[in-house]
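Pasting the structures here.
Next come two complexes, and both contain chain A; in the first it sits with chain B, in the second with chain C.
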Partner chain A sequence: MFKSPFSSASSSFNTMLLLAIIICFAPLLPALLGLLSAAFAYFPALGLNEFSLLAFKQLILWPGLLDSVLLSLFITLVSTFLAALLSFSILQSMWQSKHWKWIESLLAPILGLPHVAFAIGFVFLFSPSGLFSRFVVLIMGESNAETWSLVHDQYGLGLIILLTLKEIPFILLMSLSLLKQLNLKQTFQTAHSLGYSTQQCWQKIIFVQWLVKIRFSLFAVATYGLSVVDVALIIGPTKPYPLAVLVWQWFNHADLSHYSIAGAGALLLLILAIFTLLCIRVIEWLVTCKWRSWLSSGRYCLPLPGRLTVYICYIVSLLIIPILILWSLTFRWPFPALFPRVWSFSYWSDELTYMSEYINNSVGIALISASLALLFAIIIHEFNSRRTRGRYGFYIPDILIALPMLAPQLSLLFGLQITTLLVPKPYYYLWVIWAHVVFAFPYIYLALNGAYKSYDKRLDMVALSLGMQPFKVWWTIKRPQIMPAILIAWAVGMSVSLAQYLPTIMLGAGRIVTITTEAVALASGQQRRTSAIYALMQTLLPFMFFLFAVVVGRYYSIKNNQYFLARTK
Partner chain B sequence: MKYFFSALILLLSNMALASQLDWQAISDKAKGQTVYFFAWGGSNEINNYLRWANKSLQAQYGVTLKHVKVSDISESISQLLAEKTAKKNQNGHIDMVWINGENFKSMKQHQLLGNAFAKQLPNWPFVDKTLPVNSDFAEPTLGLEAPWGVGQLVFIYDKNTITTPPTSFADLLTYAQQHPQKISYPKPPAFHGTSFLKAALLELSNNNQLLYQAVTKNTFQRISAPLWSYLDKLHAVAWQKGQQFPTNGSETLQLLDDKQLDIAISFNPNEVISAQANGTLAKSTATYAMQAGALSNIHFLAIPWNANAREGALVAINFLLSPEAQSRKGDLTIWGDPTVLQKQYVTGSAKNTTLFKSIAEPHPSWQAALEAEWQTRYGH
Partner chain C sequence: MSLSIDNLSIHENKATNSPPLFSDFSATVNNGSVLTLMGPSGSGKSTLLSVIAGFISPDFSYTGKLFLHNKELSLLKPENRKIGTLFQDDLLFPHLTICENLMIALPNSVKGKQRRIIALQTLKKLNLSALANKSALQISGGQKARVSVMRLLLAEPQAVLLDEPFSKLDKSLRRDFRAWLFTELKQRNLATILVTHDSDDSPQGATICQWPWTNKE
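Now for the complex of A and B:
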């Protein structure tokens, strides 16, 4: 009889499972309740004693609300659409080509660039006084200096481009494991034998299968674009503001009556998120089910700019680090000089004296929350992997696991923050770490998916049938094999935690300063030299943990291989 | 009658006692406390100054000063209000705030400030009483906040770009029309943006004295009308055609250095000196004020009623008012914020600051009204 590696009878496993469920999912309930009660003006602790729809009325009457809503939807849908289309075009034109190897190997470091650091660097490149304009002036003369701007521009074009460029590597990474599940080799052989080109095969056969499988990643991309605040503050439009920024401002407004409007706005954000996800689902359905005649209507296929996209996406991403380094070492860099006129290390030496405290905060919170979230993700994976046996009717559904990733973060945090007012004493670190666990958990869970799916369960069964204790089976047989994936998942969790802005600011009441909160504060204060320094640190920290994960993971896989080689000899 | 007098005397002496701070006990209690100081954090010069203050406070008084960088102090006031309503009267998360004007009025009105303290600080005697340190935008401070520095709305330009800068708002419009896309101001309700509106309104309304009284619907419509027609004309030729505004004062400085704007806005008459010393502005930049004078105000330090480290905050504020701290704050290469102490007590370049002719701030109620109207007209 099969037993789970963590014995199903073991009460300690059940306790851990319960703890995992409580810590990772229970906060969603007060988050929603807090949000609803603030929006409907019933929150006695804040002196709101009667249900009312006043906040919604004020929300609707807010000058320019519709503009903000439409702008948010425009930014979200366009950036998601572009990211999906361009990622697919990259796959179509570059998959397994001679350049594929470097595309794949650069994926992780590019993906590891935090959004905030990316935004700060993007501004240095593409603002009207950015490096790009300096080149334009050099070539075309000062009178041609740009008057248009991709930073804070009216239609959010800068934000759309940034989100698209930043999400392409994410979708590519997610596609890697998806494409392995599809039987590509055979598909190509069949298509080629029928006279279809590789490109036609991608568009007519693989696209539909890919689109269905990439759905959840697109959902995550869309929700992020809709609810992002930190990046929008740095680069997003200001007239009108995107809805998420508007809600953030109401939440911070000196007049307490804005709390209810903020609540109603955060609820609207949640509704828009659901609407956006439905839109994506409907588009998917239209393309793959309803109007599928294009799939069988002949050999025509769209020319997609895959190669160009890769170049643009990778070049911009790879320029971010050097431009940040340049600004961090700048003393004087007047426009339109191509390089700093006077260099200085003084900004670095000033900041380095004070940075250790912020690094300690960042890394300390990330270590605790990522490790906890990893533990819980493993426990829930173990629990869920039993459901295939059919012996347990109950399992944790994927949608619940992904919820913190799919719901707008601002909406959830608003509800949580308001709930903390009910707790008599402040526990800033506890709340911040807890929130980081909740938001890091789904990413860690996802990162473990592949390893859990491909693990050969027969190994467990043999060990168990030979009488080994369930936990020992997991520890000595399964763990070493999935260790590289565990390490990567842990590093993913670290990077998610290190990049959190809103949870740290909102639940830490501003008292907890991390590298990320500092980077956002300095970037919105237009302090180019110091914000470059913090953006670099923000990039360096997760990179170090990824490096650690890769190096130690390699050690494990070598050891595993040696073990099996020794056995087979 | 006799009883009445003795009761009165007793009462008065009690009040005097109650308001007398036992400084020894306070500094003993402050030792080891951490003071969370919520203050605008968008300037390297200010941030670095507060880092120095923390070091000195730790060394001299055993008090740790943590600067919590906020982008607008009104954020913190909403949090305090939430705590007040939720009856969290202890262990508050804010120990000290940097405020003035509308925000002070709001804190006072909602009783978010504790007992009066300013005049009992050991360093109070050094304060220059010729400055309006007892009222904040015409609102009596009642010792609920202590003055920290003087702000004057000034303009910065590059002498290589402009020979004679426009010294009135009327001239500014003419300049903007001659040099399209080169003039702008921070987007209200950013502090510098609202101040720009107030200064413009003062000039355009010929210093209407009604601006110094609480705003009414009637006076607002009548007096503010010239401002909106002025702004309509200005926006048509402004930077990004008035479709975009800088987010705060520091962005105008950056845009000046980027040659996007010809004129930047600051509340520190010495900003250009420290900015040149830090490499953020060119050596050819200079400061000027409008001919009518510079909108002037004093910025203050206050302690919320539920502060967790009230004693530490008192010690910190007293230190920030000391000749040592004020001289450093006024040092032109460090921050250059004009001192609130009498000149004879400060040393170094802080002594050399000369203020521009000053224009008093309008009644604080005008601020919210102007911001709301601006939002409806141009904010979206």
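Now for the complex of A and C:
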């Protein structure tokens, strides 16, 4: 009987699998239980030993709660739909055009820019004294220029724009592999032979197929928008706060009685996330199923601003790094000057002494958690790849793997933290690493998906039939071929871990400081120069690991090619 | 009224020193008649069709002129050429029902409910009414092939290109489908170019042109 290369039906593989499940999926259950117990005011550590609805009453009576809920829903739904629509319009206008390679090659670097660093750069660009305002004053004169701000604005427009700009590259990247499955060349030829233009073909024939396939990515985008705290603290509205920020404030309140309201609020956030995902699904159903007569109504299409979106998205994203560098080297930069008047390295030299500890914390936690999550992702992939051979009825569904991406992080963490309180001694680093593994795991798993799907499993069968041991088959046959993907997945895990704010603060109880937690703290405190330095460092760290992954991955590819060339000669 | 090809030569762009795929090919296909290009795979037959339909890949370039009813084709985008192409695969749109696959092909002048009525009437003629609301993934190969042809014809093309449309059908189905397809094309008086490597595919009365084409002048 054929065996999976990683298995040898061995106890060691099964132990590793069990460990992966315990670490990556099992926390989801206590997270939910912890969340429910706090929400229903069952909290023995604070002397609350009975379930009650008090927290919900307090939550409902909280002044401005409804405004916060509506604001959160508004920001989430608008940013998600804008990101989806604009991503589609970019695909429609630019797919396989002469600029497409350029757009595609810049996706990864823009995606690699952490949300927090992006938000800090965005503030430098679009605050009332930001670079954009300086340009407006320069063109229109100081007296004519209107004062406006996309930072902390009442309706969350700045946050909506930031989320939209940041999610467009993500949706585009997810679309790349989806569109390859749709056989676009033949679809275009068929549509053209029926008299449809390229734009009409995109809207009438490809859009629906794309929308169905991109659903889970949109879910992840929406959940992130609803539950984001770090970016909302930097740029989001303050009157009222979005619900996630409000919950975060209750959670951090000096009065511990707010803990139960925070629990109820985190539960409300989870319910809102489910509601948002349902909204997206219902809209998808309306567009693709219920009101589908537009699909076959003839050769019409809407004009979509694809090129303009690309320009805005890429220009803003590409301006982030230069503006951060400028501010990190600024001593004096009076308004409305376009460039700093006095430059200085002093902020860098001052901060570097403090920063080394934070860098060590960030990199140390990221190295351990990304490596562990990578190991678990490989194990789960190996386990799931067996089901295609029909040997095992049980497999781990994609929806469970993606759950940490689809549930509000704050809600999950709240429950996780309640669970950790049951352990008598605090192990802050352990809890933080655990939480990072949970949140890095789905991204690493997704990053490995392509390599695992395209790998020809018959090679394993041949190797096994030659008498090789299963683990040796994996190590000597499969691993070298998927090594570049493994390295990139690991770098993805590193970048996810390095960017974690809430898991580090909540499960580290504020005792573990990383570059990201410090960047958020400084950005909320309006310290432009130092927050620019931390934002740059936050960008630089994942970039270094991506660079490492690409260079070593290329080395592996070249080594493999040279080996085959030598064999051929 | 016809489809005319005038001194057409096709070159592969990357291979600068290699000979053209073919050169100086000229032909005229009158309405209601069929030109069959017959020859082995890889000899450039399908490339010729893609040039006529406007789908030529950037790897190739061509010289010469193409006319449909005296209108120069190279100036028109593929969707404006009024030339329908039938490929080896049925290429029904998987996200649409069978009825919608037909509706999408109707001219814009057909509005609203009339689109569904015409699509349903077409399915009725094919004895496929029961499949109207089924997905393209739920019907048989032979049914797909017929729906695919009707979709093409509902778009009201002025000429039709057939790129080995029978090659993926089994023998018995192939004979019936072939006869039905050419009857439909004849009824509509359409100029047709058929590419095949099987002489049985060519209908009676078709002009047969052996491929690869070599200019004998």
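To be clear about the criterion, the second predicted complex is superposed on the first by the 555 of 569 C-alpha atoms of A that agree within 3 Å, B and C clash if a C-alpha of one lies under 4 Å from a C-alpha of the other, contacts with A are read in each partner's own complex, and residues count from 1 in each chain.
The rule is short, and it goes like this: contacts are C-beta pairs under 8 Å (C-beta built on N, C-alpha and C of every residue); 3 or more make two chains touch, one makes a residue touch a chain.
The model shown is predicted, which means the values in this text are computed figures rather than measured ones.
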item: Combined model on chain A: chain C and chain B, fit or clash; value: fit
item: Which superposed partner A:212 touches (first chain B, second chain C, both, neither); value: second
item: Larger contact residue set on chain A - chain B or chain C; value: B
item: Partner chain in contact with A:385 - chain B first, chain C second, else both or neither; value: neither
item: Contacts of A:449 with chain B and chain C, given as first, second, both or neither; value: neither
item: Smallest separation in angstrom, by C-alpha atoms, between chain B and chain C in the superposition; value: 46
item: Contacts on chain A seen with chain B and repeated with chain C across the two complexes; value: none
item: Chain A to chain B touching residues, read off their complex; value: 45-47, 63-64, 67-68, 127-129, 145, 147, 149, 152-154, 238-240, 251-256, 258-259, 330-332, 334-336, 342, 344, 350, 354, 421-422, 424-426, 428, 509-511, 513, 518, 521-522, 524-530
item: List of chain C residues in touch with chain A within their complex; value: 50, 53-55, 77-80, 82-85, 87, 89, 91, 93-96, 100, 103-108, 110-111, 115, 151-152, 155, 157
item: List of chain A residues in touch with chain C within their complex; value: 186-187, 189-198, 200, 204-205, 208-209, 212, 288, 292, 295-300
item: List of chain B residues in touch with chain A within their complex; value: 36, 38, 41-44, 48, 51, 66, 68-72, 74-79, 81-83, 85-88, 91, 93-94, 102-103, 106, 181, 187, 240, 243-245, 247-248, 250-251, 253-255, 257-260, 279-280, 282, 375-376, 378-380
